[in-house]
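Two complexes follow with chain A in common, the first pairing it with chain B and the second with chain C.
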Partner chain A sequence: MQIYVCVKHVPDTAAKITVVGGTGFAETCKFVINPYDEYGVEEAVQIVSRAGQGEVVIVTVGRENAVNTMRSALALGAHRGILVKTDAQFLDSNLTSQALKKAIVQDGSPDIIFTGKQSIDSEGMQTPYRLAQALGLPVATEVVDVKINDRRAVVEREIGGGSREVVEMPLPCVIGATKGLNEPHYPKLPDIMRAKKKEIRKIDIRALGVDIADGPTQILKLDPVPERSRAKMLQGSTREMVEELVRRLKEEAKVL
Partner chain B sequence: MAKIGVLIETSDEGVKEANGGVITAARGEAGNEIYAFVLNAKAADCRNALQQYGVAKVVEVSADAAAWVSSPDLQARALAEAIKHFEISTLLGLSSAQGRDLLARLAALIDAPLVQDCSGINLAEGTVKKSHFSGKTFATIKLNGNLRICSIRPNTIEAQPAPVEAEVLTFQAAVQDPGGLVVKEVKKTAPGSVELTEANIIITGGRPIGAAENYKILRECAEVLGAAVGASRAVVDAGFAPHSMQVGQTGKTVSPKLYIACGLSGSVQHFAGMKTSRVIVAINTDKDAPIFNKCDYGLVGDLFEIVPVLTAVLKEQPQ
Partner chain C sequence: MNIYLMIKSILMAWAILIGWGLFLVRAKRLAELMQAVTGEAHLKLNRVGERIKVLFTDVLGQTNVRRKRLPGVAHTLIFFGFFAVQPHSLELMLRGVWPDFHVSGRLPGLYGVYLFAADILAFLVLFGLGYALCRRLFFKPKYLTNGLDARLILIFIAVIIITFHLINAFLMLPSIGGARFDYARYLTVSVAVKGIFNLGALSTAASRVGFEVAYWIHMLTILAFLAYIPGSKHLHMLAAIPNVFLKPLQRPKGMIKTDIEDEEAESYGLGKVSDLNWKNVLDLYACTECGRCEEQCPADLTGKPLSPQRVVTDIKHDLFDQTRPLLAKSLEAVAPLVREGAPLTGDVLWACTTCRACEDICPVNIQHLDLILEARKYQVLMEANFPPELQPTFTNLENQSNPWGFGSDTRADWCQGLDVPRMAARPSADLLYFVGCAGSFDDRGKKIAQAIARVLKKADVNFAILGEEERCNGDMARRAGNEYLAQMMIRENVAIFNRYRPKKIMTACPHCYNILKNEYPQFGARYEVVHHTEFLRELFQQGRLKASGAKIEELTWHDSCYLGRWNGIFEAPRELLRALRQDQALIEMPRSKSKGLCCGAGGARMFMEETSGRRINHERAEEIIATGAAAVAAACPFCITMLSDGIRDHNGDVAVRDLAEIVDAVTA
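What follows is the complex of A and B.
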C-alpha cells in the first residue's frame, strides 16, 4: 500500500488571530496539524500496519515552518514527507490541489490519498475534490468509516439528519477524513525522536510549474469578528428568570 | 439582468425550508432571473414552494442512466450541462453535506471558482463573505471568471418571499456515468432527528447531562420550540450522544437564530461551531462560567430545574 496524506499546517483552534495588513494575520501564533488531516494520518498508518507492508507519505503545501507540523505527522508513524514550499499561508484551493497532484505524481503511484474534510483556517472544503479530478480518481469526503478489501474502499459519510451514506469506490481513490473515523494516538517520546530523522524532501512550488499568480479566487479583505460582550444576567426565581427570558426573546431579540 | 441558478435540496417532505434563504440571496438587488435546478424530485411538486421566493423557472434535471441516484459524479455532469444550456452565470446552493459535495464535484469538473459556506454574497461585484478560523474572522473573497459557484450557510441569509408564477421545465442531459464511485445505501442512524445545521433554534446539553436518557428534558423543550438538540464534545466522548449531534470545531458548524446552551462552560472549540448564532442563551450553575462573558442572556441555575420550567412556560405562550 502506497498512501499519501495531505496535511496542512494551520493556526491552533485556540490561537488568537490578529489581522495584519488587511488580508493576512500574525503568524506568530501556535500552529498545529489540521485536526481533520490527523485522522487521515492515523487511518493511513493503521492501514499500512495491518497490511504489513507499504508506506505513508505526508504531503504539505506551505511555508518552510510547516516542517514542524510534518514532524508531528511523522511521529504518528508516517514514513517520510514532501513539502511544497510557498510564500503565503493562504493559497487558492485550485492551485493547492495542482501542487499536491504534481508532488504526488512525481513521487510515486498512490493506492489511497487521504485528506481532511476541510482546513480549519481557510475552510475551503474543496481541495480533495479538485485533487481527485486532477488525478482522474473517485473521491468521498466527510468520511467516518473506511474498509479496504480486494482493492475496493467502502466508506461511510455523515450526511446530516442522523443519516450515513455508504459509498464504494475502487482504489486508487481520495478519502476526506472527519472526526469519528478513529482516535489519533499520542506519539511516545521515541516516536518523536525517530520522526526528527525521517526524510522531508522540499520542492519550491514554482519548480513544479504551478503559476501562483493565477488563482481563480482572491481574498480582498480579512475582518476580525468582535467577541460578544457579557450576557444580560436574568434575576429572580427560576420561574421569574424563565418568564423574563421568553419575554425578551420575543420582544427584544425577536427570535421566538 | 443575470441568470442565477439555485441547486435545490429536497427531502422526503419536499423542498427543504433552508432553500428560501439561498433563493433570496440569488435575487440580489437587480431582480435576477432565477433558475431552480431540481435533481431528485419532481419539478412540479416543488413549484409552489419555490415560486413564493421568486424562482422564475423550475428545471428538473435528469440523465438517461440507471446510475442516477447512486452516482453524484453523474449528477454533477448533468448539472454542468444544464447550467451551460441555460447560460447561468452564478450557481448557488446550500452548504449542507450533500450541497457542498455536489457543488465541489461540479466546480472541480468544470474548473470553476467555488466558495463554500458563504454567509453573504454580492452578485454584482462577484464577492462573498465567509468565515475563516472558525468564525474568528470573516474574509471577503472575489470569484474571478464567467461562472461562479457558491454554497450558502443555512440560516445566514433570511428568506424573504417575493411571489411569482414559475414555469416548469425539464432538462435531459446527454451524459454518461464516469463510473468508479457508487452510493450503495443511506443508513438512518437517528431517525426523525432535525438536522442541526438547518435548524432555526438549537438547544444543546453539555457535560452535566451525565447520561443519554437525560437528553429527554432537552428533547421535550426542543419539541415545543421546533428546535434541534445538540451536544458538546464532552458528552459525545462520554458516549451519551452520537457524533452527529456534536457542535464545534470537530463537530458541526451552526448558525441558528437562537442557541440555548445548557451546562456548557463556553470552550473556544465549542464556540467555533456556534458563535455566529444570532442570539445565544446560557444556563449554568456557576455564575462565573466563561460562557456568560460571550453570550446574550444568562440564567444562573441547574439545567435540570430550569429547562423543564422553560418548556412549561413556552407551552403556556399564546401561539
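What follows is the complex of A and C.
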C-alpha cells in the first residue's frame, strides 16, 4: 500500500497574525501541522501498520521552514517526505494541487492520497477536489471513517445536520480527512528522534513545471479580523449590578 | 559430657557456617543486583563530616524514627536492646565451638558493665515488641504492613531476647557458668528470671538440659534470623544505615535531568528494574515498610490506587523477580515495570501529586519521587502512555507555551493599564518578575499578578517582566514525564534569561520558583531566585511597604508543597502575616508545615481528571472550613484554584486569598 498524505504547514489558531506588507504576515508565529491533515497522516500510518507493509509519504507544498511541520508528520510514523518549495505561504489551490499531483506522480503510484478537508489558514476547501480532478481519481472529503477492502475504499463522510453519507470508491482515490476520523496519537520520543533523520526530498516548484505566475486567484489584501467588542462582566450585589446595567444602557449604549 | 561438647562443637560450627553462609550468599546477591542495574546515580558524596554526624543523630540517636512518637520509642527500645545482646550471643556462639572461649578474663569490669547494660536494654525490648504487637493485633493502622514477614520478625526478636535472659539466668548457676565470672554481680533482670523460675533448685542435669535448650533455641534463632534478613523487610538493618548516610543534606532538590539529545540512549526514564540506579536499589532495600509515607500520601488518603510504600515494595519485588535476567546481563529479557498483571500501573503513577510528603516523612530517607517521576518519564517518552486529557495540554504547551493554549502573544495582557515595564525596555531592572502561566492567563491568577505589580510599585521596586517573551517554566510538562517538551521550554527561557542576565528573579508561583531555582542551573541559568513570600516579607521588614491600618480577617495558612516541603519556606509567609496582623497568631491547621496536605494540583495533576476516590482539594477544604477561619491564605495560584473549588463545593464561607492580595489590601 503506497499512501501519500498532503500536509500543509499552517499558523497555529492561537497564534497572533501580524499582517506585513498588505498581503503577507509575520512568519515568526508558531506553525503547526494543519490539524485536518494530521487526521490523514494518522489514518495512513494506521492503514499501513495494519497491512504490515507499505509506505506513507508526506507531500508538502510550502516554504523551506515547512520542513519542521513535515518532521512532526514523520514522527507520527510516516516514512519519508517530499517538500515542493514555494516562495510564499499562500499559493492558489489550483497551483497547489498541480504541484502535489506532479510531485506524487513523479515519485510513485499512489493507492490512496489523504488530504485534510481544508487548511486552517486559507480555508479554501478545494485542494482535495482539484488534486483528484488533476489525477483523474475519485474523491470524498469530510471523511470520518475509512475501510479498505479488496482495492475498494468505503468511506463515511459528514454531510451536515448530523447525517453521514457512505461512499464506495475504487483505489486509488483521494480522501479528505476531518475531525472524528481518528485521534492522532502522541509521538514517542524515539519516533521524534527517528523523524529527524528521515528523508525529506526537496523540489523547487518551478522544477515541476508549475508556473506560479499562472494562478487563477491571487491575494489582493490581507486584513486582520476586527476584534469583537469585549463583553463586560458586572460585579457586586444583584442590586448594584442591575443599577450599573441600567446606567450603562442609558449612558453608554443610549438605548434606554 | 565431653562427647556432648564435641558434638555441640561440630554442630555449632556447622550451624554458624550455614547461617552466615546463607546470609553472605543472599547479601552478595543483593550487592550484585545493585551492580547489575544500569541507571546512573546522580549522587555526590560531599560533606562527609556532616553525614557522619547524621549517623549519630538519625541512626544512633533514632531521632528520625521518633518523629512518630510511640512507634519511634518502641523502635528505639528494640534497636538498642537487640544490638546490645549481640556481642554476648556471639561470644556464646563461639564458646559452642570452642568451649574454653571466654572474653571476660581480660577486662572483667568492662565486661560486667556491658552485661549489666545489655541485660536491662534487652528487657526493654519486650516493651517495644509488646507495643509493636499491639499495633499489629489491635490498633491495625491501615498503612502498616501486617503480614507474616512482620510477625515473624517480632517472634524472632522476642525469642532471642527471652532466651538471652534464660541463658544468663542459667549462667549464674555454678554448674553451668562455672567460676570464671560472677554473673550475678552484674545481671539484674536475669537474676529476677532465675528467681522466678527458681532455677537454683534444679538438679545439675536438669539445669544443664534447660541451659542447652535455651542456648540452642537462642543460637539457631539468631542464625536463622541472619539468613532471613536479606529477603525480608528487615533488610533495612543493613541498608538503612548507608541510605541515611547518603541522604540529601538539604531540602531543595531538582528533578533528574535526562539527556534527551543522547543518540546512543535506547530508553529514557525508568521502564524496567534494570533502569534503576544503585542508589534507587539501596532505597528499595532500606524500606522498613513502616507505612509512614502511605499515611501522609494525599493520593492514598483519598482512595487513589497509589501508595508510596507499595510503589517501593512493588518495585523491590519486581527487582527480585527479575534477578535471573539481570544477573545474566540479558537486559532485553527484563520485563517492563508496568505490564499486564503487574501491580505498578499507570493509574498508580499518575495519581501522584509529587507533594513529597512521602520523602519528607521517610525515616530512612527513601526518595520515592525519583522512582515515580522517572517511571512517568518512561511512560510518556517511550510509550506515549499517559492520561488522555494531558495530550491537549502537551499540545498547548508545545504550541503556545502555556497549558491552556492561549495565544502566547497575549501573555502580558494581564497588566494592561498597569504600566508594567518589559525587560526589553528596562534591562537594568533590579528585579525580574517571572509571572508564569497562571499569573498571565488564568483569571484568578491574573488578579494575583496585578496585586503583585501594585505592591511592587508601592514599594518602589525597579522591576520588569519578560512579557510576550516569557515561556512556560516547564514544571508541569516535566512532572508529567514529558522531559522532551519541558526541555524545549526550559531552553527557551534559559536563552532569554542569559540574554538579560537579571539581577534577581521573583516568582509568585512555587512551581516556577522551584524549577527556576533548583532545576534551571542544570541548563545553564544560574540566577538568584526568590519567591514572593520571601520578597514581600523583606520589603515589609525594610519598611518599604507600610501597613495602611486596614484590618485582616482571621486567617489560616495553607502550605504549598513546592514552597514548603520542596524548598523549606514555611516561616516567611507566617512572619509576614503575623506582622500585618499586629502580631496576632494565625490559626494553624492540624496538617501544616512539613506535614501540610497537598491541594491536589501538583505533579501536573492540575491538568488531569481526578476520577478515583474523593477529591484531594475537598479533603483540604474540609480541614480549612473546620478551622473556623474567615479566610485561608496561600501563595500558589494552583493551590488558590484548588482550594477555592473545594471550599465552594462544600458551600464553605472561607475567602481564599493570595498573600500578595492581602499585602496589597493592607498596605498604602
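Worth a mention:
Quick note on the criterion: the second predicted complex is superposed on the first by the 231 of 256 C-alpha atoms of A that agree within 3 Å, B and C clash if a C-alpha of one lies under 4 Å from a C-alpha of the other, contacts with A are read in each partner's own complex, and residues count from 1 in each chain.
Heads up, the rule we're going with is that contacts are C-beta pairs under 8 Å (C-beta built on N, C-alpha and C of every residue); 3 or more make two chains touch, one makes a residue touch a chain.
Please read these numbers as outputs of a predicted model, since none were measured by experiment.
Once chain A is used to superpose the two complexes, chain B occupies space next to chain C without a clash.
Of the two partner chains placed around the shared chain by superposition, chain C is the only one that A:192 touches, whereas chain B remains out of contact.
Applying the stated contact rule after C-alpha superposition, one finds that A:224 touches chain B and leaves chain C untouched.
Judged by the touch definition given at the top, the superposed model places A:251 against neither chain B nor chain C.
Contacts of A:32 after superposition: chain C is touched, whereas chain B is not reached. In the superposed pair of complexes, A:166 makes contact with chain B only, with no contact to chain C. Within the superposed three-chain model, A:150 lies out of touch with both chain B and chain C [touch as defined at top].
When the shared chain is aligned, chain B comes close enough to touch A:241, but chain C does not.
Set against each other, chain B and chain C touch different numbers of residues in chain A, with B touching more. With the two structures overlaid on their shared chain A, chain B and chain C come no closer than 6 Å at the level of C-alpha atoms.
Under the contact criterion defined above, the residues of chain A that touch both chain B in one complex and chain C in the other are 14, 16. Partner chain B is touched in their complex by these residues of chain A: 11, 13-14, 16-17, 19, 25, 35-36, 93-94, 120-126, 129-130, 132-134, 137-142, 144, 154, 156-170, 173, 178-180, 215-225, 227-234, 238-239, 241-243, 245-246, 248-249, 253, 255-256. On the side of chain A, the complex with chain C involves touching residues 12, 14-16, 29-30, 32, 185-190, 192-193. Across the complex, chain A is touched by residues 260, 263, 268, 381-384, 386, 391, 394, 396, 399-400, 405-410, 484 of chain C.
Listed in rising order, the residues of chain B touching chain A in the complex are 11, 73, 96-98, 100-101, 104-105, 107-109, 111-117, 127, 130-145, 180-198, 201, 225, 242-244, 246, 249-251, 257-258, 268-269, 272, 275, 278-282, 287, 292-301, 305-306, 309-310, 313-314, 317.
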